[in-house]
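Chain IDs A, B, C, D, E, F, G and H follow the sequence of writing; residue 1 opens each chain.
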Amino acid sequence: MKTIFKRPESLTLTPMHYCPGCTHGIIHRLVAEVLDELDLRERTVGIASVGCSVLSYNYFNCDMQEASHGRAPAVATGIKRARPDLIVFTYQGDGDLASIGMAEIVHAANRGEKFTVVFVNNTVYGMTGGQMAPTTMPGQVTTTTPRGRDVDDIGYPVRMCEILASLRTPGFIERVAANTPQHIIRAKRAIKKAFQYQVEGRCFSFVECLSTCPTNWGLSPYKATQWLEENMVPYYPLKNFKTPEESEEGGKNAD
Amino acid sequence: MKTIFKRPESLTLTPMHYCPGCTHGIIHRLVAEVLDELDLRERTVGIASVGCSVLSYNYFNCDMQEASHGRAPAVATGIKRARPDLIVFTYQGDGDLASIGMAEIVHAANRGEKFTVVFVNNTVYGMTGGQMAPTTMPGQVTTTTPRGRDVDDIGYPVRMCEILASLRTPGFIERVAANTPQHIIRAKRAIKKAFQYQVEGRCFSFVECLSTCPTNWGLSPYKATQWLEENMVPYYPLKNFKTPEESEEGGKNAD
Amino acid sequence: MARQTQVTIDKNRCKGCELCVHACPKHVLAMSKEINDKGYFYSEVVNPDDCIGCCFCAITCPDVAIEVAVGDNKDRGE
Amino acid sequence: MARQTQVTIDKNRCKGCELCVHACPKHVLAMSKEINDKGYFYSEVVNPDDCIGCCFCAITCPDVAIEVAVGDNKDRGE
Amino acid sequence: MAKVLMKGNEAIGEAGIRAGGLCYFCYPITPQSEVAEYLSRRMPDVGGSFLQAESEVAVSNMLYGAAGAGVRAWTTSSSPGISLMMEGLSYIAAAELPAVLINIVRCGPGLGGILPSQCDYFQAVKGGGHGDYRCMVLAPSSVQEAVDLIPLAFDRADRYRNPVIVIGDGMIGQMMEPVEFKEHKFPPLPPKDWATTGCKGRKRNVVNSLYLDPIEEEKLNMKLVAKYEQMKREEVRYEEYNTDKPYQALLVAYGTTARICKTAIQQLVLEGITVALLRPITLFPFPEKKIQELARQAEWLMSVEMSTGQMVEDVRLAVGHDRPVYFFGRTGGVVPTPEEIRDAVKKHLTGKGV
Amino acid sequence: MAKVLMKGNEAIGEAGIRAGGLCYFCYPITPQSEVAEYLSRRMPDVGGSFLQAESEVAVSNMLYGAAGAGVRAWTTSSSPGISLMMEGLSYIAAAELPAVLINIVRCGPGLGGILPSQCDYFQAVKGGGHGDYRCMVLAPSSVQEAVDLIPLAFDRADRYRNPVIVIGDGMIGQMMEPVEFKEHKFPPLPPKDWATTGCKGRKRNVVNSLYLDPIEEEKLNMKLVAKYEQMKREEVRYEEYNTDKPYQALLVAYGTTARICKTAIQQLVLEGITVALLRPITLFPFPEKKIQELARQAEWLMSVEMSTGQMVEDVRLAVGHDRPVYFFGRTGGVVPTPEEIRDAVKKHLTGKGV
Amino acid sequence: MQIEAVLAGFGGQGVMLAGKILAQTGMMLGKEVVWLPSYGPEMRGGTANCTVIISDEPIASPIIPHPRDAFVMNRPSLEKFVPMMRPGGVAVINTSLITVKPERDDVKVVNVTANKIAMEVGSAKSSNMVMLGAYVGATDVVPFDALMKEAKKAFQKKAKLASINIKCLEQGYKLGQAARAGH
Amino acid sequence: MQIEAVLAGFGGQGVMLAGKILAQTGMMLGKEVVWLPSYGPEMRGGTANCTVIISDEPIASPIIPHPRDAFVMNRPSLEKFVPMMRPGGVAVINTSLITVKPERDDVKVVNVTANKIAMEVGSAKSSNMVMLGAYVGATDVVPFDALMKEAKKAFQKKAKLASINIKCLEQGYKLGQAARAGH
C-alpha cells in the first residue's frame, strides 16, 4: 500500500481545539502541505493572530510568533525586514484582519511586503462568541446584530480582496473557499502560488479563504458549508484578483 | 459696486498660519463658502486633524473639535452617532488619513457614516517637516526618502479614492485639485455636492483635494502648482469615482 | 474499484462533524453509534469496497484524522 | 472692459506667494517692491482697467486677501 | 425594585442605560463582550446609540467626539483593549471631556489570559497615557456595587469634565448575582455650554488639547491639578470592615479580592486573631488619610491584590515607614483563596516574613 | 575619537547604529523626527533596515516581530506616539523580547505641545500598558550621555530580554552639543536560542504571550518579577552632585532638569546655602536606597520635575515620612530657570511652604 | 452554610441553564447566590461549565477551586472536575454518555442515565433537567417545590417543552432521592 | 562667562546655519556650547530661529527666556525677540528689511543693511554672513579668525559661494567693530 494522503509534517501531532467541523483545521492543513511540498518548514516563521486560530502556534510545526490583535502584518513586516531570508506568513481571521487590522494589512500590501497572508473569513468573531465582523452578511444575526446586520446603519460587508486589488503595488490576491473538496483543492493551489511568489521574492501574496463557523452560525458543520456556498460565495466571488505579472503590465499601461 | 467675491462668513478673521502659497488656505475657503451657501454654519461641527491644518479650528467659524492623529473619522462618527442632526466634516491631511488613519477612514466609509471628509493630499507630512507620506510620488525626495521613494522597497503611492470606491456601501467620492482657478472651481462644486449628500442624509461623502506644499517640496508656490499638475494629476486622476445613485443601481445588479 | 484503497480514520481525533460522510461520493463512511474518548460519535468506514480513493473525505476532514492509502500492485499497471 | 470692476487686496494679509499674479489672465496684478507688516512683498493692482472681473486672483489666493466688486450701473444692462 | 439574578456584564449594560449612557461604543473582548451584546439588544428600545467600532483605538476617539458633542458616552473593554485607548484617553482628559470607561481587567501583560486580575491598577490610577492627567477610578466588589457606582461614574465625569474609569474583573463581569436597580439622585449639573452642538446663538465652541504657548499649556495642567485636588478632598470612598474593634493588622484590598479578604478575616476571628480591612472604593482619589488613621492602630498592614504588587505602593505612600506594609498577591488568573490569605496573615503575626 | 557638534536626534541615530541597532522602525513626530531622517540616510550605508511605518501602533508590533527574530530592533517617538505603543509594549514585555524605545517627551496630555517636558515618567516607569510588567528606563541629561546610554540600553535589553526605554525631551533631541562616540565593552551575551529564525536543526521556537493555564501565567509573572528584582539589585545608576560636603537639602531631578538644578545649586553656594543633588540615571530601577542614605543628612528633599509631580512619588516611597519631600515643577513646555529653583529652595529654608 | 456545585458538559447540553435555575431558586429563597460560568477560549473545545454557590452568608470568592458537588454530563467533564471535588461531596454522573467510573471513593456518586430518561420522556434535549432533578434529590440543597417553581418560570414561554422538562426534573429528583436513601 | 544669542529671521535667510557656525567655533575653542533651534508648528509661519550658548562652564538650561544678545533679520523676529533681551545686550538688526526701530534704550543696537551689502558682494543669500560677522564684530564673543576658519570649513564644498560668504563675513565684521568703537 502506498499512502496517498497523510498528515503533513508541517503540522504537529497536537489535536486541534477547533469546534467540530470548523474549517480552520482544513486551512491549517493546506498551509502545512504547501510548506512540506515547497520544503520551507525549516526556514519559515508563521504568525498566529488573535482569534480562534490564536493557538495555531501549537499546530504549525515551524517557528511561530503570536501577534497582538490585528497587527500580524506589522509583526510579519518586522520579521521580514529583519531577516529577508526567512519565509513568513500570517494566519488571520476576519475580525483580526478586516476590522482592527485594516491599516496594517492595507499598508503591508501597499508596501509590497514579501510575505504571505492566509486570511480566514468566517463572517463572525468566532473566539469571542460570535459578534458581528466587518464581513458579516447583510441581515445576518450575530450576538451584536440581534436583528441582523442592517446595511443602512453599518454598511455592507467588507471585501478585502477587492480593496487590496485596488492598490497599485503588484501583488498576488485570490479568494478561495474551504467548504467543499473541489473548493479546497483550488484553495491549496492558491496558497501554494502565494508561497511561491514569496520564495521568489516577487511580491506580497494574499489568499482569502471563506470558512465556516458552525458554532456561532448555529448550524451543523455540513449545513454551514452549504450556507457558505449559498450566502457567502455570491457576495465574495471566488477568483484571482491580481497577479504580479498583470499588475506589472497594467502598471505600464495605466500610469 | 456689488461685491462678487469676499471672505465667507464661515471663516474667522484670524490670519492663517500656512506657508506662503500653501493651498490649504484655498481649500479652507471653499469649505467655508459651501457652509455659507448651504446655510450650515450654525449647525456644523468641523474636525481639525493633526497636520499643518491642526489649527484650522481657529479658522473655521463654526464649532470645532481637534482630533488625535488619524482618528478624525472616529471622532466624527462619535459626534454624528450622538447628534445625527448636526452637520459634521473632517479636514485631514494625507499622512493623517492615508497612513495612521487608514482603518478609521475605510471603516467610516464602509459603515456609510453620514459625514463629509475633506482630504488634502500634498504627498508629504507637512507639519513635521516633509517626511514621506503614503501618497509620496515614486522617486520623490522627502526627508525620510533621501534617495527618492523606491517603489520596489515601499510600494506605490496610496490612492484613497480608488480604495474607498472599491467598497460596496454607497458613497460620494471625488478627486479634485486646488492648483488652478479652473480646478478650484470644480473642487468647490464637489465639496458642495458632498455636503448636500450629507444634508439629505444620503451617504458618506469624500472629496480628495490635491494640494501643494511649497515649503517641503522646495518649490516656489507657483512652481508647486505646476509640479502638482505634471506629477500628481496623471497618477491621481481628477474625477468622480462614485455617487450614491450609481452605487445603489450597481448594487442592485451586482449583488 | 479498479484499485484497492484503504481509508484509515484516527477515531480519537475525530470530532464527529460528518463532513467526510457528506464529502464521500460513494457513501463509504458513516457515523458510529459509539462515542470515542472525547465523547464524539466518530466516523467509520462502512463500505470499504466502494472506495475509489478520491481522498475527498481526507480533504474535508478539519482534524486531519483520515489517511488514505492505495494498493501498490494494482497501481503499477496504470 | 465692458464693466467696471474693483479688486481690493488686503496688503497685510498677503504673504507674497504670487499665485494671484499668475492666475490673472489679464496681468492686472504684480508684486510690490515694498514689504508689508509681516515682511512680505505683497501683491498690488497695477493695471486696474484691464480687469475683467473673472475673480481668478481671489479664487487662488490662499489667504483670502482679495475681494472683487463690480460696478452696479454697468452691470444692470446685462 | 425587586432583586433580579443578573450577569454582571448585563447588569453593567442596564446600569449604563439607566444612568443616561445613551451613546455606547465598543469592541468585543472577553470577558466583557456581554455588555455589548446586551446593549445591542437594548439600545434601540431606549432610543440610544450602539456602535461596534473597528477597534479600541477608534472607540476611544468616538467617545471623544460624542462626549465633545455633549452626550453621555461610554465604553467597556478589557486590558489589551484599554491599552489601545491610552492615547485617546489622554486626549479626553486634556480636552476635559466627560467619558466613562469600564475595564473588566484580565491577566497581562500581553495577550495574557482572560481570568480575573487586578494588574491594571497602575495603568488606571497613575495614567497609562502620556502627560499629566488622572482619571477618577472606581472599583466595585460585587455586581450590585457595580450597578450602584455606574450612575456615580457618569455624574462625576460630567461634574469634573474628566474621564472616570470603573475597574472590575472577569468575576464581576461573568457571574450572576442578585441585583437591584436603585434610583440615584445627584445635585443638578452645570449646563454643557462648552459642547460642540452647533454655534447657533452663541460664540463657537472648540474642543481641543493643542497648546502652542507653554504658558497656556501650563495653565491647563494647573487647572487639571486643581480638579484632582478637589477629587482628593471630596470624592474619597472606601469601606471599613472590622475596624470598630481593636485589630492587630490592617488588610487593604479592593474589588473582588476584598471579598475574599473578608472571608479570611472571618476565619481568623475564629482563631482569635483580629484583623481589619480597608477596602478602597475609589482607587483615585486613594483613601490615603483613612489608611494613615487606621494604620495607627495596627501593628502592620498588608495589601492583598491579584497582581505582583501595585496598589501596595499607594499604601506605602500613605503610611511611609511608620508601619511595615506587606504584600500578598496571586496573579495570572489565580484567584487567592481565603485560606491563603489567612495563612499569609498568620505568617506575619508569628514574625516570619513572606 | 574627536568631538563633533551634533544635534541630539542625529547623535541618537548614530549611537543606535553603532550599538548594532540595525533594524529601526519609526513614525514621524516632533520633536524627534530627525532621528528617522538621519537613519533614512545612514541605514542603507551600514546594511541596516530603515522603515517608516504606517503608525506607532504598527511600529511597536514591527519591533515585536524583528526582536522575536533575534535582531536588535528599536524606535524613537514622542509622547502621543508612545501612548499608541502601549499594547505592543506590553506584548514585548510579556513575550520577553529585547527592544529599545526612545521617548523624546513633549508636553501632554493630549496633543499638548512640542516643548520639553517630563510628564511621561509614570507611563515609562509604572507601565502604561496593561498587566504587571516593567521597563528599564534610562534618563540622559545631555546629548553626550544619551549617546553613552544607548549602547547600554541595547545590551541590557538583550541581557534581560526586556524592553528598555530611554527618556529624553525636546531639548536633548533638538539641541546641538559636542559629542564623542566612545567604544563600549560589555560581557558576552547568551545566544538568542529562543528567536524565531527557522527551526532547522533544532526544536521549533514560539514567541508568545498567551497563557490559558493561570498557573503558567503566574509563573511568567513571577519570572518577570525576578528579572525586575535583579535589575533593582544590579542596574541602579545615578549621579551625585555636591554630596561630598555637608548639605542642608537634597534635590532629586533627572534629565535636563538636573542640569538646571546644578546651576541653581551653584548660585545657592554663592549665597552660602549648601544643597546637594541626586540625579537618577535609571528611573527604573529607581535609586531608592541611595536616596534613603543621602536623605539622612538632609533636612528635607525636593523633587524638581517638568511635570505636576510624578517622580516625587518614588522619592516619597524611598524616604517615607522620615523627611519632608517637597515638589517643584513647571509644566507645559515651560523649562524652569535656575533662579526659580533657587527661590523654591530658599522658600523652604525659611520654613515657608510652597 | 455554603454549598458549591460545578455543572459541566458539552455545549448544548444545557448545563448553563440548569445552573441558572438552581441559582435563581436559591435567590428566591432569600439566600446569597452566585452563578459563574467558564468563559473564553476553553469554550471552543465544545465543553461548557458553570459554578453555582448558595450560601447563608455573603459569598467571598466566586471562583471555587474545590467545589463540594459536581454534576457531569460528559466524559471530559468527569475527568476534569471530579478529581477537584472536596471529600464528602456528591457527584451526579450522566451514565448515558460516560462509561468510565470516577476514581474517587470519598465522594458520593449518583449515576443517572440522563439521556435515556429524557428521551423516554420526550426529548433528549432535556437531559439537563434530569440531572438537575437528580442533583437536588440527592442533596436537598434547595427544596424541590421551590426548584419546580423557578423551572416552570424559566420554561413558561415554551409551553411544549415545559411539560417535558418538568417531567424530567421530577424523574431525576426521584432518582436522586432514591440514591440518597440508598446509602 | 556665558553668553547667549538668539538668531532669528525668515526660513531661508540662513539663521540656523549662522548659529551652527558660531557654535562650532565655540566648540573648537574648547568652550561648552549649545545650539538649540526653534522647532515645530511655529515654523509654519515661515520664521526660524535658534539660540547659541557659549560658556566656560557646563551649560544648564539650553532654553533661554532672556538672551543677552539678538540678531534679527526680519520684522517679526525683531518684535518677538528684542523685547526679551537682557539689558546691556547687543541687538544686530537687518535694516534692509526692518524699517521700524526697537523700543529699547537699554540694549546696544547695531544696524546693518545686510541684504544690500550681500547683494553688492554677489548674493543676497549671504546676508546671514553679514549679520554673523557684524555680531561677532560688535561683541567679540569669539575671535574673528576662529570664526573664519569654521566658516571656511562649512562652505568648503561650495567653492563659488564660499568666497562670497567669506567676504560678507568680513564686511559684516568691520561694521560690527565700527559700531562697537562708535560707542
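The rule we apply is simple: a residue touches a chain if its C-beta (ideal position, glycine included) is under 8 Å from a C-beta of that chain, and two chains touch if they have at least 3 such contacts.
For reference, the UniProt names are A, B = 2-oxoglutarate oxidoreductase; C, D = Tungsten formylmethanofuran dehydrogenase; E, F = 3-methyl-2-oxobutanoate dehydrogenase subunit VorB.
Note that this is a predicted model, so its numbers are computed, not measured.
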| item | value |
| --- | --- |
| Chains touching both subunit C and subunit H, listed by label | none |
| Top-ranked pair of chains - ranking by C-beta pairs in contact | E-F |
| Inter-chain centre distance, subunit B versus subunit C - centres from mean C-alpha coordinates, in Å | 59 |
| Length of the line joining the C-alpha centres of subunit A and subunit F, rounded to whole Å | 40 |
| Where subunit H touches two or more other chains at once, by residue number | 41, 46 |
| Where subunit E touches two or more other chains at once, by residue number | 30, 51, 54-55, 57, 80, 87, 91, 95, 110-111, 113, 115, 208-210, 212 |
| Interface hub residues of subunit C, defined as touching at least two other chains | 15 |
| Complex contacts: residues of subunit E adjacent to subunit G | 3, 5, 7, 30-31, 113-116, 170-171, 174-178, 256, 259-260, 262-264, 335-338 |
| Subunit B residues touching subunit D - in the complex, by the definition given at the top | 1-7, 11, 15-16, 18-26, 29, 180-181, 184-185, 214, 220-222, 225 |
| Subunit B residues touching subunit A - in the complex, by the definition given at the top | 99-103, 106-107, 110-112, 134, 151-159, 162-163, 165-169, 234-235, 255 |
| Complex contact set, residues of subunit H against subunit D | 10, 46, 74-76, 97 |
| Complex interface listing, subunit A residues touching subunit E | 50, 54, 66, 68-70, 95, 99-100, 102, 125, 127-129, 131-132, 134, 143-147, 154 |
